[in-house]
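These notes are about the structure you will find just below.
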Amino acid sequence: MSCNSFGTLFRVTTWGESHGPAIGCVVDGCPPQIPLTEKMIQPWLDLRRPGQSKFTTTRNEPDQVKILSGVFEGKTTGTPISLLIENTNQRSKDYSNIAQSYRPGHADIAYDLKYGIRDYRGGGRSSARETAMRVAAGAIARLILGDQIKIRGALVQIGDLKVNRDRWSWDEVKNNEFFCPDAEMVPQWQDYLTSIRKDGSSIGAVIEIIAEGVPAGLGAPIYGKLDSDLAQAMMSINAVKGVEIGEGFNAATLRGEENADPIYLNDGKLSFSSNHAGGILGGISTGQPINVRFAVKPTSSILIPQPSIDSEGNATDVITKGRHDPCVGIRAVPVGEAMMACTLADHWLRHRGQIGQFRSSILD
Amino acid sequence: MSCNSFGTLFRVTTWGESHGPAIGCVVDGCPPQIPLTEKMIQPWLDLRRPGQSKFTTTRNEPDQVKILSGVFEGKTTGTPISLLIENTNQRSKDYSNIAQSYRPGHADIAYDLKYGIRDYRGGGRSSARETAMRVAAGAIARLILGDQIKIRGALVQIGDLKVNRDRWSWDEVKNNEFFCPDAEMVPQWQDYLTSIRKDGSSIGAVIEIIAEGVPAGLGAPIYGKLDSDLAQAMMSINAVKGVEIGEGFNAATLRGEENADPIYLNDGKLSFSSNHAGGILGGISTGQPINVRFAVKPTSSILIPQPSIDSEGNATDVITKGRHDPCVGIRAVPVGEAMMACTLADHWLRHRGQIGQFRSSILD
Amino acid sequence: MSCNSFGTLFRVTTWGESHGPAIGCVVDGCPPQIPLTEKMIQPWLDLRRPGQSKFTTTRNEPDQVKILSGVFEGKTTGTPISLLIENTNQRSKDYSNIAQSYRPGHADIAYDLKYGIRDYRGGGRSSARETAMRVAAGAIARLILGDQIKIRGALVQIGDLKVNRDRWSWDEVKNNEFFCPDAEMVPQWQDYLTSIRKDGSSIGAVIEIIAEGVPAGLGAPIYGKLDSDLAQAMMSINAVKGVEIGEGFNAATLRGEENADPIYLNDGKLSFSSNHAGGILGGISTGQPINVRFAVKPTSSILIPQPSIDSEGNATDVITKGRHDPCVGIRAVPVGEAMMACTLADHWLRHRGQIGQFRSSILD
Amino acid sequence: MSCNSFGTLFRVTTWGESHGPAIGCVVDGCPPQIPLTEKMIQPWLDLRRPGQSKFTTTRNEPDQVKILSGVFEGKTTGTPISLLIENTNQRSKDYSNIAQSYRPGHADIAYDLKYGIRDYRGGGRSSARETAMRVAAGAIARLILGDQIKIRGALVQIGDLKVNRDRWSWDEVKNNEFFCPDAEMVPQWQDYLTSIRKDGSSIGAVIEIIAEGVPAGLGAPIYGKLDSDLAQAMMSINAVKGVEIGEGFNAATLRGEENADPIYLNDGKLSFSSNHAGGILGGISTGQPINVRFAVKPTSSILIPQPSIDSEGNATDVITKGRHDPCVGIRAVPVGEAMMACTLADHWLRHRGQIGQFRSSILD
């Protein structure tokens, strides 16, 4: 019931508050002898780093990761890897006005209801700042998975504006500040988010994460299913309200023959004519690409006054100044990738434990 | 990494295959001195039981539950409760034709990919039959939660046919074979499913589960969130492909001020003007109703031939005779309720462990 | 915090009370494709079975194990294995006199203190009867470990009578009713236990379990150590009050140079001149035999009156009639072997998960 | 299977190597609103701190603990508490001679066997330096347990020299550099250890930890027993080879009536005439003092040459210069206390989760 850990054999425990001296994580269970340096983690953090465009928070954190343990002469040793990022650009005074009142839609009232105390500065533990450590852990998970497994994410919807899948380009994802795979959508999103930002408001989004090259056999019935662990992983990201795999909610509208993925052998290799399943059947990977989408709500930290109460119970209107993302969904893309990487790494180690190696048969 | 268990303090481990001698579960962590008899579990099983209408499988299982341990003189003792249901109405010969070939969209190929062996009779471990034990465990979870927490579910969509929420009636849910809350939708679903069944096909569905009376404070940051555990719980149900909470995917289309749930005091009691959050903020319950929806795909066991291969790799068309639900979503309603009950019971015990008791303050 | 489970990747959950309808366990995580039948488990149960000599309880239980799931056509499938043994020879009326009073030194008062309720018949959950399921699970663990790992146990001390290690014979262990490795000690123990039994008393014992052929590398720092998991495993057996590994408590009296195990290569194979460490260094197996001893207290169920109270708080003298072992340590031998097997199987799977395979180097 | 964590609801994860930049831990599950500052942890660390007498290592570490998260305005918030101690006095060059050879009796060969890589400097992860974080976590555990639970430890044996229990004085424990409760033994130990140190050797020891004021009801059958968790906790401390509770190994020599602890009511309060059980029956605390002893082997880092091999397999004699404790058992006293505190805190929270509160009945 360790509430700040995820994973079993590849286990990540994060700690830290938005405005404390530092945030960090402990990665336990990483196999030994994997080359690892801070430089191999930093690029992934840079992708998530705030202050990089006008569409994300202006809090400017260098987010320099330090490795404090578990690595010797540039290689993992099998012992726990401690990662730490110092907080350098806190501006806690911004939050004085919300110290004693509750942002509607924000976690702060829930923390007070549960704990009777909260570090209100910058959202404390509930800040999206914690997700930096997920990204750092995800970088290590990618090293375990190796190059044959490719995990990529994209932003596919902001508000009602959805990308056109016919124009999907992974190259384009790297070209714009939105992780948008559809070049024609980029200017529309720019205009739309500029308007949202000027209004002092925020907007929701949908992220899609795709993992290619995942071997068949990861996951296990009935409660260690790969898809249920992915659902848990994605839903644990701040502000996520929905998760779907493959056809997702659309599967509700399909008939059995529409949703089936016909099977054939292609040069002796197991193949499927379609991928409604999103790469997972019965909780176990099939070798097809794994496809997960999740919805992020608009951040509750906005400049538009919201009716609320203070901690004395008096009615008040709340405005959140601070520095916030008008669309937190943007920076959730690398976080979603990281959660996919960590979940797959964990299941890879579990599978190897129970099965010993990937089977080689006609079905491989 | 116990793959067949869920929960931490209230922990359920299920076992059994569709066509084995029995299925069962062990419920570990139930508090002592709770009155419990088989008669208190059976009604919930009867709701899920197959063979009750022409829209569910005709396999006719009495599903009589036996308590084998953990209860003494009608009360729980705090020791593990072993529940067992004998399988009585297996017709394994129905499955001889799929013993060596793979149903597209079904778990059987994934099991073979992982384990290199599977009990193909009736889907073996991947059969929805396992969910009977979830319902049994859920009945015990309800006893822990007590009467003040009301957990109810309904089927809200079959194919493209969605219920009208303005006509929602919990009484109606008990009146029809669909757990449908909208009386006017019932005949439409009857016609539609009759047609699906005649075609030898199947169809997907969406289920909604609502828990009222849940105290504030259940759940915990960051990876023991109530919503991420609910996502995992629901996604672990057979055939589920998507889970959402509160506004869910619709939150992607909302602005911050639209998605906020304004807070006020009503006679000194914490209240919210709306419930876009679905009763959970920052992973912690707020006292509002908890609202979860999940999408179920159409079963892959259909009479319409699907291109596939046999275990030798030869191309073949697969038809699944057996006895299957044209819409597995119907019987998923009591299963979803059970998963909600188990998840809440687990978090209730966890919360009591860390916090000691529910706080009493202005926020309660 | 599942209190009735042990192990992580190889996970055993037991249930059942001494005088309930049955006892059982669920073995989760067993790799697939391992030949398994009831006949492969039964011989191990027969070793532990009561009623086989005048020095163990006269309760005569056939202890016939049934496999209810997880095996298909004689092989494990990777899904949970449910094992069940029916209780057939309960004589609950024997216990009416202790229903309302507490045996000094027995668990029954502790159960009442914790739960406020207990199944007093035969000790309920605290009965040594539960250990039958450990033995059954251990039989499966042995199949995972394979023939190269040999796990054997012996009784090395009853009261003050210790075996002479110079006369140690594993063959002799099978020849007598005590699992005694020293043929000359057998008649002494017979006389001594006959006298204990006639007095209506009981006596403690020490058991030694040795595992040979265990590969190097099992276990992990710092809290997943093989020795700390073995300590937990052995201490969880009923009546055990002490556990030691290698030199154990005697290590307190040794100097560094006396306790060191010099290292050398023998035909290129890593070798040690001695085994004070008991096969484990830094929590990790070294390839040497693993050597664990544990002490079992005398059973508290004796015919000699003990001052106590009843549940109303009145002073009373307690005599336990029932049918009890004058030396529970005897039947603890196969139980200790089983706990060794389960612990090693679990660590073997964990190790394979993190490391992938046993390393082959000069150190292997 | 998180190998560097212990506990379930009160969960401690440690990280760090002897000669890395720092060591640390994450304490997850601490209840909120507990006053906590670095000054409340430091005194416990100072007790364990090296360099305080000529009988412990001369490595002089200030061991200043920093709290990096989980505390706000001097109180715990319920979020994970990150603690960090910088390593300041490493002298890694001392270890160049053992970089490529294996100390007999030391963990370094086991790490190489498992991981194929190790941080040899100062023992890396296997160094007793890690135990500083146990002591820090233990300080927090004590705050959870409160003043009514008193946990104290003492060194009771060095080599063959055992304290006289008739002269036991807790005040004396604080008066000498050995945590020795027997004033008359102190000069004997001083002479003996001086001689051991001059020889360049080391010696084993036995530590006893006693917890008074522990409420009845902590622990749970069958695998969440308080005694088996204590055995695991103590055996996880570096160099520990044996653990016993209450009578421990001596129980093997006792008859049932000798080992029973007669029960009576004393002014309505549950009382026992003796405490052979060490405060635990059936895995559950009874309210009596809990009494655990563990044996520590002599450190393998000695100046007396030991036959061994280097990593190329060449025979070599190993001498360990470094700075080592001639009797690591001395500094194990505060570590054992900390493990007792952490285990009790975890079980206290577990118990509160399942039972809700301590029962009040005649048995309390």
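Order of writing sets the labels: A, B, C and D. Residues in every chain begin at 1.
One rule holds in what follows: contacts are C-beta pairs under 8 Å (C-beta built on N, C-alpha and C of every residue); 3 or more make two chains touch, one makes a residue touch a chain.
Please read all numbers here as calculations on a predicted model, not as lab measurements.
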What is the touch distance from chain B to chain D, in steps?
1
Relative to chain D, which chain has the most distant C-alpha mean position?
B
Averaged over CA atoms, how far is the centre of chain B from the centre of chain C? Could you give it in whole Å?
39
Here the gap between chain A and chain C, centre to centre from mean Cα coordinates and rounded to Å, is 45
Distance between chain C and chain D based on Cα centroids, please, to the nearest Å.
26
Touching at least two other chains at once: which residues of chain C meet that condition?
1-5, 8-9, 14, 29, 32, 78-79, 111, 114-116, 125, 220-221, 350, 353, 355
Which chain D residues qualify as touching chain C in the complex?
1-6, 8-9, 14, 102-116, 125-126, 130, 157-160, 196, 199, 201-206, 216-217, 219-225, 227-236, 238, 241-265, 268, 270, 272-273, 276-278, 280-287, 295-302, 304, 306-309, 311-313, 315, 329, 350-351, 353, 355, 359, 361-364
Looking at the complex, which residues from chain C come into contact with chain A?
1, 8-9, 29, 31-32, 78-79, 220-221, 349-350, 352-357
Considering only the defined contacts, which chain B positions touch chain C in the complex?
1-5, 8-9, 11, 13-17, 20-24, 26, 28-29, 32-33, 66, 68-70, 72, 75-82, 111, 114-119, 124-125
